[in-house]
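What follows are several structures.
Paired with subunit B in one complex and with subunit C in the other, subunit A is shared by the two complexes that follow.
And then the complex of A and B:
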């Protein structure tokens, strides 16, 4: 019973879904306000999702309807497991396994992989181009993201580990300095992971409609959107675990810090989205390969040297 | 006794195939090879159960006794944790691949006796190498595997490319193999091998680099893909390329560990090779070459894991060796089916064949998910162990590189999935049927089962196969408990949700007929422009790394070194000739 409560209420499905939806609604509202528009209500993502769930599915001929729904469904399960692997207050005290960052990393890759597969599976020309673009972006931003999480893993220890809880508990002065240094890299890699401007290259509406999801509709599209909301919840929470003393305070305060951290991250995203235009893939790759990956690697090496000697 | 039988039956099978070469039947020779490999596996299983009950034991054949005072040339097979680990997975994989080969080889017209004689000789030699306790015989078996590889790559010896590829593979592995001979001789004849450990390790490492396709001596493996696919699967994915990894473990055992310098060298050499391999794999449009480069990449994890020198590091290396044999063998078998079905290895000429070959697609998905390290499959567990071991041993760069390489591997296999299996189907592939390939699919299933089983229940492999090997190496056994890695939780959740999803699909979505069908929206665009094939799937990455691809191929530098040596020899030769002329002149 306890397990089902964890799975469906907190920190599982309901918490992830509500947090993700509010973050998306908040971002949209904020973006609109910054552009002097009124914008949709904060709860708009929930209305969108409920409407999609009730709509008919219109899929292309010749493709299997079962696979059409299975492709977005698998990452939904993966992301729910991902949410359960995070040391949320009131939950981490009773969970007995290690909060493994590698597992979270792999599970958060599933939504994008499913979109890349869906783009080709749907046989849509726009889907295929979008999928190829998303696949190439995957190469670059993961380089930065991996360097960031490995750097953060060096904060607590030795012995070092990929345990998210250890990172969240590392708050020495040197740790704080290193954490601050990694923030821009985390933000850049998550922006690209979530395909937000200026990195909305795979979904470039004006050129290739919705990219990999051009042919997604009804429940399938709803599942993709749900995955997106769960991703927002995970990355928002990760930001809070990495950069705020969530586990160093009382559980109530910790939970408030998670919400604060997540909303702050999406405030930054809204700001960046408003100030930038979409980059071309070649500009994106140049930025990552020439600047971000080498710099993130340098920070990892410096941290390693500082921590070893 | 069973130890001797397990190797002997394969040599006997090779002899029968060789002697009966006039029987031009793929089924006769194929069934014989399948039978001998199954018998070898059965004997090895009996040995393994005996080992679990009684501990280490050996079998020896007294040979060349008259020379014993000078050198011990007795054939000694030993059943211990390490030897049985390598022998067992080799035998298991060979059963699946031999079953697959029965159907695969029916496309050929001749050469069955030769082919299966060398296949069986190879498996026998591989088992001989892994079971042998005497380094002299280890070297003999090591070279025999290379010889079989040469013969099997040159199966279509009339083709210049096959012939060249075979020579290249043989020369590179054979010349480097002298390093092993040097290491073995120094170890045998020196009163204190520890004093010469640097010399021994240098020799062994050269042999390992060539045999286990590590930088810079991996360049023969893309050429070796000109062999029939069962050869690529058995030799160049599962067994031959593991001989080098086995040697590293063997010398780790003999020397009681490696010095710090060699450990660090192995860690970063392994990761560097792995990065090279995956970057080159990414740009391949030839499915077998792509897999070949991934062999370079995945073996990098094993070499690096040994270098870490901790229990978890060596366990990750052993586990990845085991997993790689299954998933890479499986992926090669899938590649063989694709090749026979579409008559091409070029991914750009495939596309949309998932609907025509659904079972093959499922096998591919299992293999690809395993090698990419998707949670729930075996590759994830061994890679997870590697990252954890690397960060614990204070090698964060190795851990980060390992993770990065794993994402590139995923990208590479997504490329194959999208461009070969999904997307638009080619006109010529519209009549494809999977029926003729059922026997080959069965061979693939044999290799797919452990990918899933060891992914969900890694404890089985760790307890029975890996921990005995670790204990032989004087290392503590590892315990991947459910709490550290909640694989059972993940499995249970996946099953729960998938069940729920299926229930919703079959009780609500399907009966309500809310799924309508329509044409794909094209917006009047030219489809040829919006159709990225394998050639342009990662075009931006290829453009961005163009200089790297141009300069990083070690073959160009190896060729320069060879030319320099050739020039030197020619100079010495002409100088000798001149001297001879001077001396022969009458005074």
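And then the complex of A and C:
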């Protein structure tokens, strides 16, 4: 019973879904206000998602109904497990397992993999181009993301483990300095992970329609959108765990800090999205290969030297 | 009772979230430019939850501009067939209503409603963004309330 409550209410499905939806709505509203528009209501993602649940499905002939619905459903389950693996206040005290960051990292890759598989399975030329672009981008931004989480894992001291709780509790003055240095790399890799501008290359609307999701409709599309909202909640919370003293304060304050951190991250995303235009794939790879991956590696090496010698 | 309430909410969501797929079947681009203006800061259709989508499989509303020509008939029918139900069609500009200045041209087959059912007609050459916005909101009302559209 307790587990079902964790899975479906807090910090599971309901919390992740509502937080993700509000973050997306907040970002859209903020983007509109920055462009001197009124913008959609903050609850717009919920309307979009619930509308899709009642729509008919028009699927391509090349894919069976079972596969069509299974591909987006698997990452939904994965992301729910991912949400449960985060040390949220009021929940981390009673959880008996370690909050493994590596596992969260793998689980947050599932939606992208499912989109790539869906794009290729649908046999749509737009879907295949979108899937190919997403697959190419995967290696670059994950390189940076792995550097960031490895750097943060070095903060907790030996024995090194990728436990999110220990990273969230590392708050010496040196730790804070290193954490601040990794913020731009975290923001850039998450921007690319969430396919936001300037890295909205896989689902570039004007060029390749909706990218890998071109052939998705009805419940399948709703599941893809739900996955996206859960991803937003996970990355918003990760930002708060990494860069705010969430677990150093009372649980009520910790929860408020998580919400504050998540909304601040999406404020930054709205700002970056409004300032930048979409990059080409070659520009994206050049930015990561020439600048972001070497700089993230340098910070990792410096942290390792400072922490071990 | 409970299921009815959920169903009502989902239908209400359909009214608040309109994803539009735009097809130009041979217009002079005048109406297309007005549709682009609809999403600019001045008219801001996004405040009603209206969004242009790239794939007909995501769309609720097909926005058609221009008369149907010999070349554009099949793509129009294919796009309409690909849209999941419930769906509505909004025909924009006098050319899509009657052929306009292009009527009786050698390659013009006729107005849009000769080929697919049209739910809202918006006149004008070119149609004003405010009129297009009102037409889209009427189409949302039809999508939400018309029982026939929900029988699938």
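Going forward, the second predicted complex is superposed on the first by the 308 of 309 C-alpha atoms of A that agree within 3 Å, B and C clash if a C-alpha of one lies under 4 Å from a C-alpha of the other, contacts with A are read in each partner's own complex, and residues count from 1 in each chain.
The rule we apply is simple: a residue touches a chain if its C-beta (ideal position, glycine included) is under 8 Å from a C-beta of that chain, and two chains touch if they have at least 3 such contacts.
Keep in mind it's a predicted model, so treat the numbers as computed, not measured.
Chemist: Of the two partner chains, subunit B (first) and subunit C (second), which one does A:58 touch, if any: first, second, both, or neither?
Modeler: both
Chemist: Can A:221 be said to touch subunit B (first), subunit C (second), both, or neither?
Modeler: A:221 contacts subunit C only, not subunit B.
Chemist: Considering only touches as defined above, state whether A:44 meets subunit B (first), subunit C (second), both or neither.
Modeler: Only subunit C is touched by A:44; subunit B is not.
Chemist: Check whether A:274 is in contact with subunit B, with subunit C, with both or with neither, and answer first, second, both or neither.
Modeler: neither
Chemist: Quick check for you: in the superposed arrangement, does A:209 touch first (subunit B), second (subunit C), both or neither?
Modeler: Touch partners of A:209: subunit B and subunit C.
Chemist: Which chain, subunit B or subunit C, is in touch with more residues of subunit A?
Modeler: Comparing subunit B with subunit C, the partner touching more subunit A residues is B.
Chemist: Once chain A of both complexes is superposed, is A:295 in touch with subunit B (first), subunit C (second), both, or neither?
Modeler: A:295 contacts neither subunit B nor subunit C.
Chemist: Tell me the contact category for A:36 with respect to subunit B and subunit C: first, second, both or neither.
Modeler: Once the two structures are laid over each other on A, A:36 reaches subunit C alone.
Chemist: For A:103, is the partner it touches subunit B (first), subunit C (second), both, or none of the two (neither)?
Modeler: In the superposed model, A:103 contacts subunit B only, not subunit C.
Chemist: Residues on subunit A in contact with subunit B in one complex and with subunit C in the other?
Modeler: Looking at subunit A, the two contact sets intersect at 56-58, 126, 208-209, 214-215, 218.
Chemist: List the residues on subunit C that touch subunit A in their complex, please.
Modeler: 7, 9-11, 13-14, 16-17, 19, 41, 44, 46-49, 52-55, 57-58, 60, 81-86, 152
Chemist: Over in the complex, which subunit B residues touch subunit A? Could you list them?
Modeler: 282, 352, 355, 373-375, 380, 384, 387-388, 391-392, 394, 396-397, 399-400, 403-404, 407-408, 410-411, 414-415, 417-419, 422-424, 482-486, 489-490, 493-494, 497-498, 501, 505, 509-510, 514-523, 525, 527, 529-532, 536-538, 540-541, 543-544
Chemist: Quick one: which bits of subunit A touch subunit B in the complex? Just the residue numbers, please.
Modeler: 7, 56-62, 64-66, 69-70, 73, 76-78, 80-81, 84-85, 96-98, 100, 102-103, 105-107, 109-110, 113, 116-117, 119-126, 128-129, 131-132, 135-136, 138-139, 142-143, 146-147, 150-151, 153-154, 158-162, 208-209, 214-215, 218-219, 281-282, 285-286, 289, 297, 300-301, 303-304, 308
Chemist: Of all residues in subunit A, which touch subunit C in the complex?
Modeler: So the residues of subunit A touching subunit C come out as 28, 32, 35-41, 44, 46-48, 50-51, 53-58, 126, 205-206, 208-210, 213-218, 221.
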